[in-house]
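Given below, in the form of structure tokens, are the structures.
Okay, so subunit A shows up in both of these, paired with subunit B first and subunit C after.
This part shows the complex of A and B:
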């Protein structure tokens, strides 16, 4: 019976406008995204290969990874060029590499993450919004239920069939462009990177499931299709736009946000203070200032990290936040990856300074292993799964008592 | 066999839509339930299909308690609604195919569907056309075909003739006679006194949720059913 209903939902859905809409959206958006992200990747690879202009400059830069084709995350913060000049206390950062690309800063980057998070989530709601109230209005629900078929089968069949209609175009388009991008010279996914991409894909699938189920739940709670679509729209706006800023506001109100400006000021003051003390040798003076500055920087980083941790924890309880957290972590462009990069960089430069070493090894940054990335993402994935299960139970309970007249 | 024992339905808003209905429709019998708008006919059907729960009393289909074992009971009943609604993007054949699978019928081929659709008087050229282009009468025919193909021993019809042209209505009458001959118990809710006279074994007249009288065929043929109906309606 369940199979009959799944089959019917799929056959019916394929004929409808929604399926066409989703298929076309996926093909166009994922294709366009692939193209934009590839050109972005190319630019970053080019930047990365540039050498220092000057012999006493050391350039530190994280190698761009193919995963940035799908997830941008903290890429702009991580793939900066950090230039350390001998004799400086700290490296300077070039925020946008060597090639100026102001214009793209004005627009959100169209990575897979953005498309799934903002656009496909809306389509997922649209698929769900009239699944139940639409069939009731259509009158076919009565005819269906006049047979020996349980409500459980009907609702499960509807959920499975329509989710298949949502996710299949997405997976097909994804696979299509994945094959195409792999044919491009210079793009090579390692085995580990493929596993990471699969995790990104998996969490996208669960994220879309959550939004689809929200649509179905709204559909089963609404009296009319119009009420349902309006509610869906409000829910979408809330989860995509309001809730994430909400987390930031809560953090700002309850935590003390460390100001970089203030730290820089403190560093300057400390330097002046130490320099007054002129009975020190030049080297000792430099060392003193360096130690002071580094401890201030460290303190700042620690505060910043706990601030970021706090925001991350709040966001993790919501589907959008959880999705962003697990995908960026799996793609190694998460906030934790950014923290690790700074720490690594900091350690490397300190060891160079302390040992007066002159090793100009370009890449000092070690990435999180797949196990670490997974353990950073696992709670977020569980939260998404939890939402999905909770929504299925809610829909089930509502539909069991649903008034079919 | 369809049975209602002391069947009572009071809606959440306090409206008593059905008041202690006692009814038994035997196999091979067509029972007409007549009554004005709001008399409680659709409520009765909804109770037979477990769409709503009785406030009191019992509904039995082939002696199976509908409230206790709805899935088992619904195996033995087919339903044609006042305004048959189908999947607009499916053809007539695809609709009947889906609903026959849902009714748990085994493998049927296209010819099986076509012969039933022909039997209820649907034109051959409409079999593979999307149902959303159908007129109400055509949908009604597909609805009847869906009920017939289920081959259950009981049939519930809620004003099935409304909106049918005279020819289609006559075809429906003929079809119901045939089904009765096959031993089905048929409950027909309607305002259509003319068809009741032609077809009914027994007629029940309902008013404000109460079944005020049941007339046998010889009783309502002796006197004019229409007059009887109006006199009962005008009482108190």
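This part shows the complex of A and C:
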């Protein structure tokens, strides 16, 4: 019986306008996103190659990964160029004071993460919002229940059938562009990267399921179509736009996060203060300043890291936050990856300073292995699954008692 | 006649249950948002004042050997209306490795963004069945059985809906102002009040535009569920997709070199060329058979000339880079006018002094200040060397005072999007009017 209902839902959906809408928007959006992200990736690769041309300087820059075609995450922060000159205390960023492309900071860029997080979740709600109250309005729900079908079968059939309608266009267009992008010269996915992409895809699918179920739940709770759609969008706006700033605000109340520039100026101040006592030898002076600066940096960094950890943990409890954390971690552009990059760079410079050697052999910035990335994002995936199961139970409970008259 | 219909329209909307629910949710969401933003503002202000203390200490303790001018760049004070519109964050003139990356993944949402998303959605949701819904109910035929002009009806629909939503906007804004006045340590200037007023006016124009879009779609379709789907689609395209495109299109139309490329070209490439050309000049003399110690004096002029050339070249690359990125920004900003949402955001950003032009303005101001301060320190150093005093004294150094742009300046840059919004309004009004005159009532 369940299969019949699923089949009916799918057949009905394919002929409807919603399916066409989703298919067209997936094809256009993902294609455009591929184009945008590919040009972005090309630019980053070009910049990275430039780094290799300066052989006399110690320049550090993370190699762009192909996964940046799908998830941008903290890429802007991670793919900065740092330079370390002999005698310096710390690496400094190369491009200071010139940042002029202000416009790019105003609106989000169109990567897969944004498309799924904001646009496709919106479409998922549109699919879900009149699944039950719409049928009730048309009167078909009564007809359906007058047959010998259990309510459980109806609701499950509806969920599975309509979810298939939502996810198939997404998967098909994703696969299409994945094949196309693989044919482009210069883009090559290794086996590990394909697995990462699969995980990104999996979490996207679960995330869309959660939003779709949210729509169905609201639909079964509300009586009119219009009330259902307004509730859906208010919930959507809350989860997408407002909830992420909650975490920041709670974190700011509990953790102290000093202003970065203040710390930098404190370091300078410390340097000047130590240089004033010039009764030390040159090397000892340098060591003194270095130790002082490092202790300030480490103090700040610990606070920053615990702040980031805290926010990650809070965001983990909400579907949007969990999804963002999971995908960015799997794509190696997450908060933890950025933290690791900083630690690695710091250690590298430290070893160069300690050995007083100036060879770029030490220029090692390693990425998280796939196991580590997974262990960083497994909780987020579990939270998403938990939401999905909870919502299915809620829908079931509500629908069992639903007044079909 | 028209006022009667407007009043009828307003009272139906105000009495509907959906309106009350949505108004309450808008009120709660924007209230939460403004509370979060006020807290954020207070934090930022505290950070800024803490930083100023350290900054003052640093400048006062500068010694004679100190030649790092990076720390003399001023930092932009927190704008008074930050909670209304975050815009572009502060420009970081810091080569630091550690940065707060949270906002990259979880961006802060400001009041203007929230109200622009919520109110446009509400405008669309209230207008999508204004005409085709009434047709489905059959009330449209009843209305036109009485002597009423179609033009009166459509104008009344538009004004009634817009007035209702504008009322909500006023209430939300008033609540926001009350929260700000009670919680933030801030005193609003005349400029700020005028800016808030202009945000309100722009908001009303923006709401009216979305209401008109909904009405237009409604008068083009005959079934309310199709009208709703198309309205939501248009809304989604305007708010979620269109704003992200101009950045890419700007880069496509007028590509500018990236930062790494610029630094590579302007520094490393020129450096290597410089060394090469100096070697060439020296080799020329060596080949002619001059001895090493004469060469230096002989080739001095030629080397200076070639160095000058390289400096000019470097300056050219720099100005070229600046010009290209500026052109790109202009193209992107112009293209952003396609979407009403980005129009509204651009205006709000400029009005609250966080936008693109205010950042460019701040950069110019800070460059001036930086050179003034550096010159001041240099002269004090000269004095120190002449007088052989024991300590370099920098008392009375020019303190950075940021003068906020006047209201006229803000309106000059933020006014263009407002005009575009008004033009859109006129366009959609004409379209809706036309479509409704031809609407089949049967």
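We take it that the second predicted complex is superposed on the first by the 383 of 405 C-alpha atoms of A that agree within 3 Å, B and C clash if a C-alpha of one lies under 4 Å from a C-alpha of the other, contacts with A are read in each partner's own complex, and residues count from 1 in each chain.
In this section, a contact is a pair of C-beta atoms (placed from the backbone, for glycine too) under 8 Å apart; a residue touches a chain by one contact, two chains touch by 3 or more.
This one's a predicted model, so the numbers in the text were calculated from it and none came from an experiment.
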Q | Partner chain in contact with A:92 - subunit B first, subunit C second, else both or neither | A | second
Q | subunit B versus subunit C as contact partner of A:345, first or second or both or neither | A | second
Q) Does subunit B (first) or subunit C (second) touch A:183, or do both, or does neither? A) neither
Q: For A:15, select first, second, both or neither according to whether it touches subunit B, subunit C, the two together, or no partner.
A: first
Q: Pick one for A:259: touches subunit B only (first), subunit C only (second), both, or neither.
A: second
Q | Comparing the two partners subunit B and subunit C, which touches a greater set of residues in subunit A | A | C
(Q) Under the stated contact criterion, what part of subunit A meets subunit C in this complex? (A) 17-18, 21, 29, 32, 36, 39, 43, 46-47, 50-51, 53-54, 57, 61, 73-74, 76-77, 81-82, 90-110, 114, 118-119, 122, 126, 130, 224-227, 229-231, 233-234, 237-238, 241-242, 244-249, 252, 257-262, 264-266, 268-269, 272-273, 275-276, 297, 300-301, 304, 307-308, 311, 315, 321, 324-325, 328, 334-335, 338, 342, 345-346
Q | subunit A partner contacts - residues on subunit C that touch it in the complex | A | 17-18, 21-22, 25, 29, 32-33, 36, 39-40, 43, 47-48, 50-51, 54-55, 57-58, 61-63, 65-66, 68, 70-71, 73, 75, 87-89, 91-102, 104-109, 113-114, 117-118, 121-122, 125, 225-226, 228-229, 232-233, 236, 240-241, 243-248, 250-252, 256, 258-264, 268, 321-322, 325-326, 328-329, 332-333, 336, 342, 345-346, 349, 356, 359-360
(Q) Considering only the defined contacts, which subunit B positions touch subunit A in the complex? (A) 46, 49, 51-52, 71-72, 74-75, 77-79, 81, 83-90, 94, 98-99, 101-104, 143, 146, 150
Q. For subunit A, which residues are in contact with subunit B within the complex?
A. 1, 4-5, 8, 11-12, 15-16, 138-140, 142-150, 404-405
